[in-house]
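Letters A, B, C and D mark the chains in the order given here, with residues in each chain numbered from 1 onward.
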Amino acid sequence: MISQIIISFFQIIIILALSPLLSGIIKKIKAFFQIRKGASIFQPYYDIAKLLRKDSVVSENVSWIFHAAPVISFAAVLTAGLIVPVFISNMPFSFAGDLIAVVYLFALARFFTALASLDAGSSFGGMGGSREMFIASMVEPALMLSIFAVALNVGSTNLSQISQTVSAMGLSAVSPYHLLAFVAFLIIAIAETGRIPVDNPATHLELTMIHEAMILEYSGKQLAIVELGAMVKQLLVFSLLANIFFPWGIADSVGFGSIAIALIVFLIKIIVLGAIIAIIETSTAKWRLFRLPDLLSVSLMLSFLSLVSFIIVKGG
Amino acid sequence: MEEVIFGSNIMQLFIALILVSTFMILGSTRLYSCVRAFGIQSFLLACVATVVGISTGKIDLYIVALLTLIIKAAVIPYIFIYIIREIKVKREIDLYVGISPSLIIGGILVVISYYLIRSISVITELSSFALSASMSLVSIGLFIMISRKKAIMQMLGILIMENGLFLGAISLTNGMPLLVELGIFFDVLIGVLIMGILIFRINKTFETIDTDMLKNLIG
Amino acid sequence: MIEYLLLAPLLTSILCFFSRTKKQVETISVSGSIITLLLGLTLVVDVYKHEVIVTWQNALFADAFSAYIVLIVSIVGFVASLYSVGYMGHEHKHGIIDDKKLRLYYSLFHIFMFTMLLVGVTNNLGLWIAIEMTTLVSALLMILYSRKSSIEAAWKYMIICTVGITFALFGTILTYFAAVNILGETGDALNWTSLIAVADQFDPTIMKLAFIFILIGYGTKAGLAPMHTWLPDAHSEAPTPVSALLSGVLLNCAMYGIIRFYTIATKSTGEAFTSNLLIIFGLLSLGIAVPFILLQEDYKRLLAYSSVEHMGIIALGIGFGGVFGIFGAILHMFNHAMTKSLMFFGAGNILLKHETKEIFNISGVVKTMPVTGTMFVVGTLAITGSPPFSIFISEFTILAAGFSNGHIGAAVLFLLFIIMIFAGFFNNVSRMVFGNPKPGIEKGDMSRWTLVAMGILMVFIIVLGVYIPTPFYDMIMRVVEIVR
Amino acid sequence: MIYNNLFYGLIIFFLIGAMLSIVFNKRDRLSTYVSFLSAAIASVFGIIFSISVIFGEPFSLSLSGSSFLNFGFFIDRLSAFFILVISISVFAVSIYSIGYTREYYGKKNIGYLGFLYNIFILSMILVVSANNAIMFLIVWELMSVISFFLVIFEHEKPETRKAGFIYIVMTHIGTGFIILSFLILGGASGSFSFESFSAYGSTMPPLLKDLAFLFALIGFGAKAGIVPLHIWLPYAHPAAPSNVSALMSGVMIKTAIYMFIRVFFDFLGADVPWWGFLVFALGAVSALTGIMYAVVEPDIKKMLAFSSIENIGIILLGIGASMIFFASGSPVLSAIAAIAALYHLLNHSIFKGLLFMGAGSILYSTHTKNIEELGGLIKKMPVMALLFLIGVLSISALPPFSGFASEWLLLQSMLLSFNSTDSMIRIVLPVGAAALALTGALAAFCFLKTFGIGFLALPRSEHAEHAKDPNKPMLIGMGIFALLSILLGLLPGYMVTFLDRIVRDFAGASAFDQPFSFGISGILKIPSTAMSISTPAILAIMLIFILILLSMRFIRDPSATRVYETWGCGQPISTARNEYTARAFSKPVQIWFKNIFRPVRELRASYTVSPLIKESFKFEVRVEQIFERYLYTPVVDLMLGKSRTIKHIQTGSIHAYLAYIFGTMVILMLYIIIGGSL
């Protein structure tokens, strides 16, 4: 019991600690590909620390939703963080939710952020919220199918179960449907984390922003929480990618050594994934909003193919 | 039994004459001549009834013949003439179907009736010429109602049909029971009276008895 | 017994004709119709006890079916006489009719009752005479107003129905002929009971011919398509209480004739022939009613077309046959009589208030006349066959009969038609009843008399929708036994 | 015995409510209290009664009727469950109504409303407890008719009349199909009692079974509002008074679901595989269509009505999955899917009731249903806003609220298709799950829009400016539902064990049977697959995080907050006119599905002096209701066109009429000649 709480606590700490780093690393890798020097990989930490020291400017039109939203969203994302396996596969809180629950927790977080975007009465907020929810709606079916594709393979949507099973299967888990599902999930991950070609996290032009427009009214401490929440979510999505499809190396029991190894392996995995994302970001341009359905249908079809090929391969 | 009566020459003659009178109505353009033809037709019917009465010896039929004579050959034509005089109706009858086509259609109807009755009598031992005449009268009566515009001619058409039925009843069963026969006469008479009243009303409100004008109630 | 029943309306009529004041004539009329109703009920009880009553040298005759018709006639006659007090009173008050016409109206009304009662209790051929008499009397009632349209309607009614009736007479003569061939030339050859007994020996071809003529003849009078053309004119132009009698009762009387002959003909020709004809005519009537109900602009005509529809349903029920089908049809006669009368009474009140028959010129009746409006809407639901009202039960039974006797196509068409009719009917009625009233229409319901009349009918409609009392059920079952 | 008394008590109180409200119809306040309190008391009876049946024995009661028409009740656990759903809704809605009807004081006849209201509920209860087809049809139609009268309660408005008309016609068509289905069943079993239906229904020949299934599907589908039979729903539900809408959307359309289960499982045996697939597909189509139209709908009540179509679709996905599993011989899976469906049904009745009551409250205090005229309500009506938010979160299936629990279970039940050996099932069900996911996301979009535009930021009109919290009874009514929404979300384990008692009867297996079993308590779990959720745990964890965050002073420091106007590119444009509109918010979805919506855009400019100087612009966007446009309108037009043609036969000419008779005679003669001589 105690050890489980300690593990959970440790996991939260790790997540909080690593998520700005992931952002920093991606930015750095991007800079590398763009042949720039780029900011330090610790720059996101500095940003958040700075924001936390600043006062907040709050619109006079807002209601309690605006104040509550960052906290609720952040809490929802952190709750998801207790379910998603990061370095250990049998999560103590895995009973509380599965992959679907994680998806819905993210949805909860998004829901409140989007609500807050409408609270100030600014057009930009509304536009951002609308687009964010629009993309989320497109992501959802593809996501669900890819969850099914994954779950079919394992026979469960419980994340601990998935990582344990896949990791126990070893390399034999790699199969056409596994890879198809991975690519599908990767596209979803890009959309979920607001990366190019879906959204450009670095833009500061109001009309093209999506996530950034949504949180336009936030400043100071509240912005810090919102930003940190987004980073945590990004880390969690990457962990999902890593630990669902390539969970090898993850600790399956509590032990100092195995956890240490697992942490290192995890770090390598997310850096690799970050690099992939960075490559995609540098090599493509942001797509027009109404071309995005095409992108997500690709993901949908990939998941569906994965499903079908699973049924064909495994017989049915 | 019927074959004996209706096979007789005199009977054939009467029935043929009845048909002729019907064609007179069909072929006439004058109201008076139509009424006159109808009177003759009724008179011939009374004759038929009498002949059948003589051959079967049923007293009922004499009464019926007498009533026919009084009501159909006298009273009803009188009512017609009274109406025609009172409302000063134009003497010509307006037609939808011209005289010659009417006559041709009448002929066709007679043939159809004959064929119909025959095709039935092949199976049953049903008679005969009289019945097919009665059938023709009914259909020609209806045809007159359809093809003549004047309200008064429709009234006449009904009476021709009625006569046809009378002939049919006599030819089939030597007449209906007396009580029923009386009831029918009563109804016919009242019917004619009420139609007369209606014709007067029509004339009063529409200032014509051309039923072509009665086309306001549609849909 | 039967004589008294027939005498009552005749006497009432004479008294009405010679009475002086409005009050007098109304009192006489209402008490006369109460007496008629009581005598009618006594007859029903008597028949219930003795099976068959015959008097007057077999000319008058009453079995369960006759008693059933008498019951319908006397109930609707009674409520119509109540309604007349309110309706004609209103007309009288507004100077539309004078004292003389009022007296004429009431005396004709009771003669009309007499003729319809006669239809029920007469023996075979007398039926033809009685039905012809109903035509004559009701045509006179129709021209009471001497409006252009009423005269036109009366003429069409008179001519077309007389033609029809002539056909029916031909059919009757043929039946008589078939009977005489078996029974010999006796007066008995025209009695229902003796006919039924030997009907299976009749020549089938002659009976086929006879049935066709009967079907066209009484079918004209009953408003079966395509001989129904006079019906919307006549029913919409008659004074409203008379419309109710025409639609509710008179059509049933003609149907009664068809059903009587159906029984005889079926025994000789076999069921397929008669049933198929009835089904065809029934469906045709239903189908013809649909477009007219969908696109109707005059609400009294709307009700008239609905009567065509319901006669079609009764024909269909008989055509489907079996205990269920006939039971449904017989029950439907009663239900339709009650509901249609209610509808006409409601329409009459609306007509008195708005002085127009155009559906488009009327709205918000529930607001101006809450009681009438509510009953009119409920009546609409009832007449279109919605549960929990009585017509639903009979329609459902008929439908079930169609299914169980293998006429599935016809049953499905039937259902389709009544759904379309429902849509059309309801659309028209809801335009009239709901919404804001037209300007210039003051609030206030019509006289109590009319509402009481409607209320009585309402009781029948609702009670029979959820509960069929055992005596009534037994009575219908006996009718079914007679018809089968 | 106690059952009898409870059941009679239930009926009697509804009748008392109905009668007394008519008696007191001249006194608004009195009749309000009498009718709605009586309904509330009756519903308490209903709750106790149904729970005791669910945990006890089925209850049956036959009333002595005539030999032809007999009435009787048979209440098994399934019926009792629906009585429970109805009663719970009625309880809260009745309390709400006490406040809501104040709106009508002096304007409308409250006694009439109270009468209809009580009879309406009674008829719903009778619908789910009828034991034979004829009685069922009577009470079914009674329910439809009474609800029709409730829909046109405000019949002064033309659109209400139109709504009522469409509603009653559609429901009548539905009843027609139901009758056909019952006739087939009745023909096969020789009786119209439900008992014989379930005894003989499944032994019918396949063709008859298929027909009975299809007719029942269409017939009850029209009432449930499955696409494409849904067209009445977006008209009727908004037109009714809001308390009635809450009941119509919340429970009335569920009676059709009851009959789906009754007919498909109980009567017909549900052993034909394609039935389940058809229901499943219809469910998916309904869910998607419903929510798509909901997203672009600016009228709140209409939007909620579309959302009801969506939720019926979701429930049907569950029923369909259950049928698929049942036919493929996995009763346990079937039970799980059915539990999910019933769970969602219960949840929907509550949160949809809550939202309709919320919409009613908005209407009550702002007199508008148009979301574009609202805004800022969270500050004007704070309590109402909070309650509405709970409803919004529930319907958007966000954890830990009730919609989440049931949708999760539904997704899991589809996921369990991998246990099936039939590849068809394994392909179709995941696709359904994807459709469900899309539906859920769009629902979140839709309700986010509703809450965000309607309640947040600045008021967009005078109406919204002067809004205030509604009266106590209304808030209490909504509060009960809000509480239930949370509770139902937090107790998924208990709910599943509870629902399992009901499902066991018709699915033929318990979800607790091996190899699946649900843990009780707050954890909902399917052990063999290790799939589990625990909404209480999620809530607890979230609360802990929120408390920790709030306790960190450096995060939430009021003194470090500065209030300033909203940023508008440096321009002080912080007025309501610059706010994002609902139409704009939903625009991406509208563009995404433009093939379905076929939006019509019109820009009209008027000018006085020169065409170059415009005085005013009017921009209009309409969305096409494709089913109306391409399915119903052509049929109706065809029908009316043909009717117009046929109407010419009534020419008015007596000669023509006589010719008809003549023609008939000739035709029949020919018939005789042919028949006679051959």
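Here is the rule we use: a residue touches a chain if its C-beta (ideal position, glycine included) is under 8 Å from a C-beta of that chain, and two chains touch if they have at least 3 such contacts.
Bear in mind the structure is a predicted one, so any value in this text is a computation, not a measurement.
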Item to complete: Hop across touching chains from chain B and tell me the fewest hops that reach chain D.
Response: 1
Discussion item. Using the contact definition given at the top, which chains are in touch with both chain A and chain B?
Written reply: D
Item to complete: With chain centres defined as mean CA positions, report which chain is farthest from chain C.
Response: A
Worksheet entry | Distance between the centres, which are taken as Cα means, of chain C and chain B, whole angstrom | 31
Discussion item. Just the number, please: Cα centre separation of chain C and chain D in whole Å.
Written reply: 43
Practice prompt. Round to the nearest whole Å and give the separation of the Cα centres of chain A and chain C.
Written response: 78
Worksheet item: What is the distance in Å between the mean C-alpha positions of chain A and chain D?
Response: 35
Worksheet entry | Numbers and ranges of chain B residues touching at least 2 other chains | 120, 123, 142, 145, 154, 211, 214, 216-217, 219
Worksheet item: Can you list the residues of chain C that touch 2 or more other chains?
Response: 155-156, 159, 163, 167, 205, 209, 232, 292, 295
Fill in: Residues of chain A engaged with two or more neighbouring chains
none
Item to complete: Once you've mapped the touching chain pairs, tell me: line, ring, star, complete or other?
Response: other
Practice prompt. Please give all chain pairs that are in touch with each other.
Written response: A-D, B-C, B-D, C-D
Worksheet item: In the complex of these two chains, what residues of chain D are touching chain B?
Response: 647, 650-655, 658-659, 661-662, 665-666, 669, 672-673, 676-677
Worksheet item: What residues on chain B touch chain C, complex-wise?
Response: 120, 123-124, 126, 138, 142, 145, 151, 154-155, 158, 161-162, 165, 168-169, 172-174, 176-177, 179-180, 183-184, 186-187, 190-191, 194-195, 197-198, 201-202, 204-206, 211, 214, 216-217, 219
Worksheet item: Which residues, counting only chain A, touch chain D once they are in their complex?
Response: 52, 54-61, 63-65, 67, 71-72, 74-76, 78-79, 82, 93-98, 100-101, 104-105, 107-108, 111, 114-115, 117-127, 129-131, 133-134, 136-145, 148-149, 151-152, 155-158, 160-161, 206, 216-217, 220-221, 224-225, 289-290, 293, 300, 304, 307-308, 311, 316
Worksheet item: What residues of chain D sit close enough to touch chain A in their complex?
Response: 375-376, 378-379, 393, 396-399, 404, 408, 411-412, 414-415, 418, 421-423, 426-427, 430-431, 433-438, 440-442, 444-445, 448-449, 451-453, 456-458, 523, 525, 529-534, 537-538, 541-543, 545-546, 549-550, 554-557, 560-569, 574, 576, 578-580, 584-589, 591-592
Discussion item. Using the touch definition from the top, list the residues of chain C that touch chain B in their complex.
Written reply: 59, 125-126, 128-129, 132-133, 135-136, 139-140, 143, 146-149, 151-156, 158-159, 162-163, 166-167, 169-170, 173-174, 176-177, 180, 185, 187, 190, 203, 205-206, 209, 232-233, 236-237, 292, 295-298, 301
